[in-house]
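The two complexes that follow have chain A in common; it is paired with chain B in the first and with chain C in the second.
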Partner chain A sequence: MEEYWQPLETERNDVEEKIGVYICECGPNIAENVNIDEVTEVVSSLPSVEVVERHKLLCSEDGKKFLKNSIQEHGLTRLVIAACSPKQHESTFMKVCEEAGLNPHLFQLVNIREQCAWIIEDKEKATERATRYVRAALRRIPYHRPLEKREIDCNPDVLVIGGGITGIETSLLLAGPDRKVFLVEKTSSLGGKLREFEKLSPNMESTERLLEQKIKDIEKNDNIKVYTDSEVKEVLGFLGNFIAVVKSREDDEEIEIKVGSVAVATGFDLYDPMKDSRYGYGKFDDVYTAMEFEKMNLDGKILLKNGQSPKSVAIIHCVGREERGYCSGVCCAYSLKLARYLKAKLPNVKVSNLYSELSVPGKVYQKFYEDTKCMGVDFIRAGGIEVEEKTIKYTTDDGKGKNLPVDMVILAAAIQPTGDASKLAEMLKISLDKKGFFTEEHEKLGPVSTSMEGIFIAGCAQGPKNVVDSIVQAGAVAGKILSSVIPGKKLEPEVRTSEISEAFCVGCQTCLEVCAYGAIYFDEMKRVSVVNEILCRGCGNCAASCPSGAASLKHFTTTQIHQEVVEALR
Partner chain B sequence: MNNGDVLVIGAGIAGIEASLLLAGAGRRVYLVEKTSYIGGNVIKYEHVFSNMECATCMVAPKQQELLGNEDIKLLTLSEVFDVEGSSGNFVVKVRKRARYVDPVNCIGCNTCFDPCPVSLKNEFEEGLGERKAIYIPCAGALPNVPAIDPENCVRFQGKDCQACKEACMFDAINFDEKDEELELKVGAILVATGFSSFNPNKISQYGYGKFGNVYTAFEFERMFASNGPTGGKLLLRNGQSPKSVAILHCVGRKEKGYCSAVCCMYSLKFIHYLKDKLPEVKIYELYSDLCIPGKSYQKFYEEMKEKGADIVRANEFSVVEEGKGIVIKSTLNGKERSLPVDMVILAPAMEPRGDASKLAKILDVPLDEHGFFREEPYNPVATPREGVFIAGCAQDPKDIQGSVAQSEAAVGRILATP
Partner chain C sequence: MKAARIAVEGNIEETILDFLKKAMDKKLFDAILIPMAVPAGDSYAWVLTRDKLLLDEASSFPPIMSVQGAKAISSLTKRGKTNKKIAALMRPCEIRATIELSKLHQVELDNIFLISLDCPGVLPLKDWIKDPKRGADIFKEVMQHFVGGDLTSNKSVRPACTICHRFSDNGAADLHIGILGTKGEEIFFIPHSTQAEGILAALDLSLGDDFSSWQNSVDGIMEERKRKRAQVQEELKTKVVGLDHLLDAFDNCIGCHICQRVCPICFCRQCYFDSDKVKHPSDDYLMRAESKGSISILPDKIIFHLGRMSHMALSCVGCGACEDACPMSIKVAQIFSLIADRSQDLFNYIAGKSLEEPLPLRTYEEDELQIVETS
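So, the complex of A and B:
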């Protein structure tokens, strides 16, 4: 039988290692399926093993007390526990280590329950496997290094990019005496797209009144500094410690702002129907986009090019849907609103809505649709739409070709990301999806977070949605920031991070390409990659991709894994 | 002095997310949950759209974090029955029913189930499977501590049975535990009680309850679930696999008067479920209007369609028996169609929970015309009563992403209030 292990000289230190091994019976779960005495016998004879004990239930209050006392009594330097899944109790036992004065990373939890006792019927085979796993852990653990907790200061202030309803809401919720908000808006006034709508569906209430109140609240809030006619030029740093450069378009002045988190609320642009000749936009007179019509309505001038009022109007849904590849979610609802504008302002006008699928989710919109229908608006399910001079050609659901003569055509165009989204994404090191919207951290559980800690997205910048949902997301950003970037609180970043050996790094920058968190930067002077330990989440991608072995993940080094695997297979 | 503690009612995904964020901000949270487990409806699904992630794996880290967080006092088997006071100073009375199993001693080995003499239909499994009087709702449910159902346990009906206690090696069972009434002082209340499913037996034309092989979406979810009553096997009542399945959308939409927003998406998800287990199965999806808003949902629709399903518009469905099988009759543009299938899955509307009105009265907040909690205009997490907030499907039918965003927004409001 070969030598048990030969630790590298560089890994040994002069302290005599005393490793404690504790095997949990987990009631009958492990005890009945694994011969713990046999495991104990094999393991006791291994180098540096000071003590091997068994316990009925290590995670119980009694078990934890027993562990703590035993660690201290025997003066243990490293700890191996053979029990259940790390997911279940790794953190439990790490806390015990801390309380006993042992660095929690000098501990390995071996899963002999889910990965052994619960899946191997034959007791002899299960015992052999459990022994193997414990041996492997014992071979790995001398290579564990003590890792220390880190604490960093954080700046509670927030940069909000975009002064539409989403940015406004986020700012109002976040601003306070110990948290300043810097709200940067590209145009010369706050309000975003809402400035161009007379009313909002489904309440059909005045947008101006809503915005006016919100903007007044912003103006009288001393903790919100607004920069209009300004753009963010650069953002450096990381969670709790960002530096942003804001440039004013008026006087070219550049201002440096220090914040702890950033909220992107840059909104949307409307799809340009010029791209699809079927809709006749730009070709025939009196074909307008929804935004153009909103403006007409707001100005009180719903008129044709010839100066007369339209007698018949068609609103075409889903314009640009095919090309964009998604349903914008709001157009059916706002098309109903536009129909109502027409019916209210021009009582005898004939209004037809041409749609393919009517999308009115939620508790209020179906009634909004039905009531709109009752006002005399025609709803026509239409395919193969072709807009011609004062006529719309279309095909009905049962394949018949029809002509609809109209004075005016309104195109309900898709919602798409703003033109500068990609520039902003690059600046912030966050990603865009295939449609150009900012990517959230997790589709279900992280709708407003991004892969960059401290950078959030909300509103239509994240995806097409209506005003209420944008307000919700603004609130969500506030919730995330208020619960994590707290004045006076220190942030504790991940401890099991990657490190890159300057000596071995060849400067190929493969690691930068594979890092999803922007946690690696290239030092141009030394021509080596360096890990930002605050941003690093310990995923290991860089260590796995590094061709020279310079990048390694703490607590999962090649040596540690190799030793464990070699012993597990021996 | 305003109380910073928060009461969260409902330990589904919205309640869990809110509790974790609030605790992260240093607030103490009382999380009151009516059932014996956390996770709400999300843990009933095998996968979630559109990334088709395993639902239980997705929420497990949050659940574990919640259970280990000392600032969150989880009160399961509990209900709020009285609320007094005002924002910053609420006094809440909670009735905590006895679990009869000590969570400190119990290790979740499940040895107590086998000896229990009582077997009944498991509500979590939508009646497709059974449970004992001492039970956990499904494998993997958290906290991993059984509860005794006193209404069905024979000991509580007067018989002298101790089978579970005798089987327990950790002395975790205590028949003498009593229901408790607790008084909690909190500054804010968040209602995240979720939703119920419309019962299709109210509409006889769907054949639910009439024909054995007509299932609701939740029943189908549990059938497909690997921890469910069939271990994931898709079976008809006669034990055979279906060769053709129809999924009917918008069940109850007309009756309820609104679109439940998620059914088209999960019905498409079912195509994946079916093709995964039965690659040759013929699938029909019958819908009235396809509702797939958002940047990623149309792509999901196209991917599911490509797996091989007939997704067609149809109106006025009725499910009838013809010979030994089921036929779906529908009309489109005046033409009648007949579709023979082995199995029918109904996508019923999302509706408010049956106890929503009782809770609304206790909290003194209004419900809207559909029975959902009513939000303030342009302030979707606020109710007219200051200090009482709402999030998730208790307020309005929505998907998980919407519920999580809304619960985070409610936390934003709570933390922003001095």
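So, the complex of A and C:
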């Protein structure tokens, strides 16, 4: 880490600077509300300004060519562009700098569109503000220093944690001649919770057929290495370069795996109805969770404790919804499926669904629900449910107390995070939401990404969902990985990273606690914090929280910001 | 909570030192960190000693706080934990600062056994240095009054001490020694860790439930101090609210930054406000002078205090070391305590109360992120 030893701030350069200022009209967007000629006039007289030019649309092909030629023609050493938001075209102009042979970090983009032209009605005021911002940038730019790009090798292989349907699907989509997949499953076989299901709603197709085909595909695929009875013990590293330790429970052996990305598909647990005594689970015979009933059905033994077939069965919906604080969105659908199992195997059985709200969205489930109803399955809107010996007490919508005698009770329990989710989250340095599911980077913009680049989440690990949605997310994760970790391609880590001065760091480790990317470690020998520049995403949390100013963010140093602010406020 | 009662033999100080000596005899501690009078007799310094005979010269209640104890422990363990068992006898504000520094990794508490005392306060350094002999007499009186639960000597101690309501057991030390409640006839050893319980047991001190006389006396003083604190802060507030008042309050600051040098919580290797980051090209100052008519040089006087305040208010223990050291007698400690109390309240945080309470600004709570709508 050479840069570690560089002084924190570059002093104002003694070499004669030639700064170019380019003002973009952005069609009518800026030109109509900012008097560009006036800005040009003020700015032209400022020190080191070599050239001030205006252009109709700098981001156009013509504009970029003009810019490149102008930079080279005037031999510019620094560049200020007044145009739109950096969010829109900073990278565009940085590329032009590179092509023109100017380090892209010796450039500053001033936003005079969103922050001036578009928001200030009075043209004179907008012009004054635009001038002020350009002056501020000119004051700041001498303090910029060139930052050099770095490239690192990128491992295309993938670690998939969890061998349920989501993990299986992710692995199958990703594995190929130039990409190996390591699939780690903690139980002894692949398939996850689906192994217990006879059929899948709403088409009631055989789960076994679907699953066995996929598992066969996995076994056939030489590029997928499956570790069953194994757990991931440690994951270190960053996008493109992770090292994972996988421990086999069988022989206690630990294997090291090198991958470029990680997909977390650890699935779910069912809410434990023991927590709520009113369901009588564990207290009375013949009260089962939905998973237990799936197993009975799969084994072909839908029998009461006394060995007889049930004559009446109640399925109680929404078990754990209140306690967990969310609707799992799948229980109503699988309750209908359980009712179908019952009707198929015991045609004369009386099946009652006790629900408080029904949730069967989607283009096919309404029909599935209506067809199930037509098979003679009862739907009762019930509140205040209390399960007692062979009977269920409940209240109807109009507040009347009722008793429903039944032989068997099935509890449609909610989906909740797996017990080891928090351990895994800590290991991967990704976060859990309040309910204990892994948190996505953004609900809509990054639903399968996490705060750690290169680590993705899919299926019920991210939140309750059905098989179809889990498979869709598996596809999304595969897409993300295929497009970001390309075999043979080098990764360009962020260069505007943080750096920590060994001379000033007092070792309080505040930065370690505020770093969301695990990009800072503590050097026990020197007793100072050190930045891992490849993991650092340049968010600036450490620089903001460091009491002694030892941490600073390249390209956003105190001096750079100070100079800009001073001029903006003058 | 339980406490061991010990009859005072000689005086309180001798009884405490005797306890430490016995503990050393039994190899319960390898060394003691304790204040001791300097050879000339006109000041006190921290000493680390493994020689139990030297403890005769030590002082469990030095009349002044020349160096905040947390700084002493920090310089001892900054480079890592000690392998020997060291007992440190300190005032409650020193213990609290030590706890804060431990959270900030400036103190390593492994093998350090913290002992706190009911604190009568300390004399201002400026008063003491004028006449140490007279100072010693005054402090004797302070001590006598305090042990009797009498606050008439409050006028003689540091202003920060006169409004200190955390002068007794804060539960943060391994062992607290209570000297209040029996007019100096008995003292109370209150253990807060299993280690402390073990040490008391090893010295055949049995724990009992009868320490209400101590508790009552502590509560009495605490009530009075809280009342006084509120009153003083209310008065002070009128003098420091708003930039103009604040500028007035720090008007005679000479920029020596001694307040920062002596502050146990200002642990930075170099203060940010002494660094080059706050030094600007002369053009900048000329520009500022031009826009304001004139600027005061040395510049950034108030920024230093405000910056220091924002850096340490959440960990400020109100020890008063800053104000004691200020050559211009600026009410630094009182102003900082005013802000510290309110900032710590915001986060339900009490600096130095417990090692388990995380530093507020290091804790991330999703609940904090709420959309604020202004109409």
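Simple rule for what comes next: the second predicted complex is superposed on the first by the 508 of 570 C-alpha atoms of A that agree within 3 Å, B and C clash if a C-alpha of one lies under 4 Å from a C-alpha of the other, contacts with A are read in each partner's own complex, and residues count from 1 in each chain.
Here is the rule we use: contacts are C-beta pairs under 8 Å (C-beta built on N, C-alpha and C of every residue); 3 or more make two chains touch, one makes a residue touch a chain.
All figures in this text were calculated on a predicted structure; none of them were measured in a lab.
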item: Superposed partners chain B and chain C on chain A - clash or fit; value: fit
item: Chain A: partner with more touched residues, chain B or chain C; value: B
item: Touched partner set for A:315, first chain B, second chain C, both or neither; value: neither
item: Touched partner set for A:246, first chain B, second chain C, both or neither; value: neither
item: Partner chain(s) touched by A:406 [first = chain B, second = chain C, both, neither]; value: neither
item: Which of chain B and chain C A:485 touches, first, second, both or neither; value: neither
item: Touched partner set for A:467, first chain B, second chain C, both or neither; value: first
item: Which of chain B and chain C A:549 touches, first, second, both or neither; value: second
item: Touched partner set for A:562, first chain B, second chain C, both or neither; value: second
item: Vertex chain A; arms to chain B and chain C (CA centroids, nearest 10 degrees); value: 130
item: Chain B versus chain C as contact partner of A:91, first or second or both or neither; value: first
item: Partner chain in contact with A:447 - chain B first, chain C second, else both or neither; value: first
item: Chain B and chain C, minimum CA distance [Å, superposed model]; value: 8
item: Residues on chain A lying within both footprints (that of chain B and that of chain C); value: none
item: Footprint of chain A on chain C - complex, ascending; value: 78-80, 104-106, 267-272, 275-277, 280-281, 284, 287, 291, 311, 359, 361-362, 364, 366
item: Interfacial residue positions of chain A with respect to chain C in the complex; value: 9, 12, 434, 503-510, 513-514, 527, 545, 547-549, 558-559, 562, 566, 570
item: Parts of chain B lying in touch with chain A, wherever the complex brings them together; value: 13, 17, 21-22, 24-26, 48, 50-51, 53, 58-60, 62, 64, 68, 104-105, 107, 109, 111, 169-170, 253, 257-261, 289-299, 313, 332-335, 368, 370, 372, 377-381, 396-402, 404-413, 415-416, 418
item: Chain A - residues contacting chain B, complex; value: 26-29, 57, 59-61, 87-88, 91-92, 173-174, 176, 203, 205, 210, 321, 325-330, 357-367, 396-398, 433, 435, 437, 443-448, 463-465, 467-469, 471-480, 482-484, 486
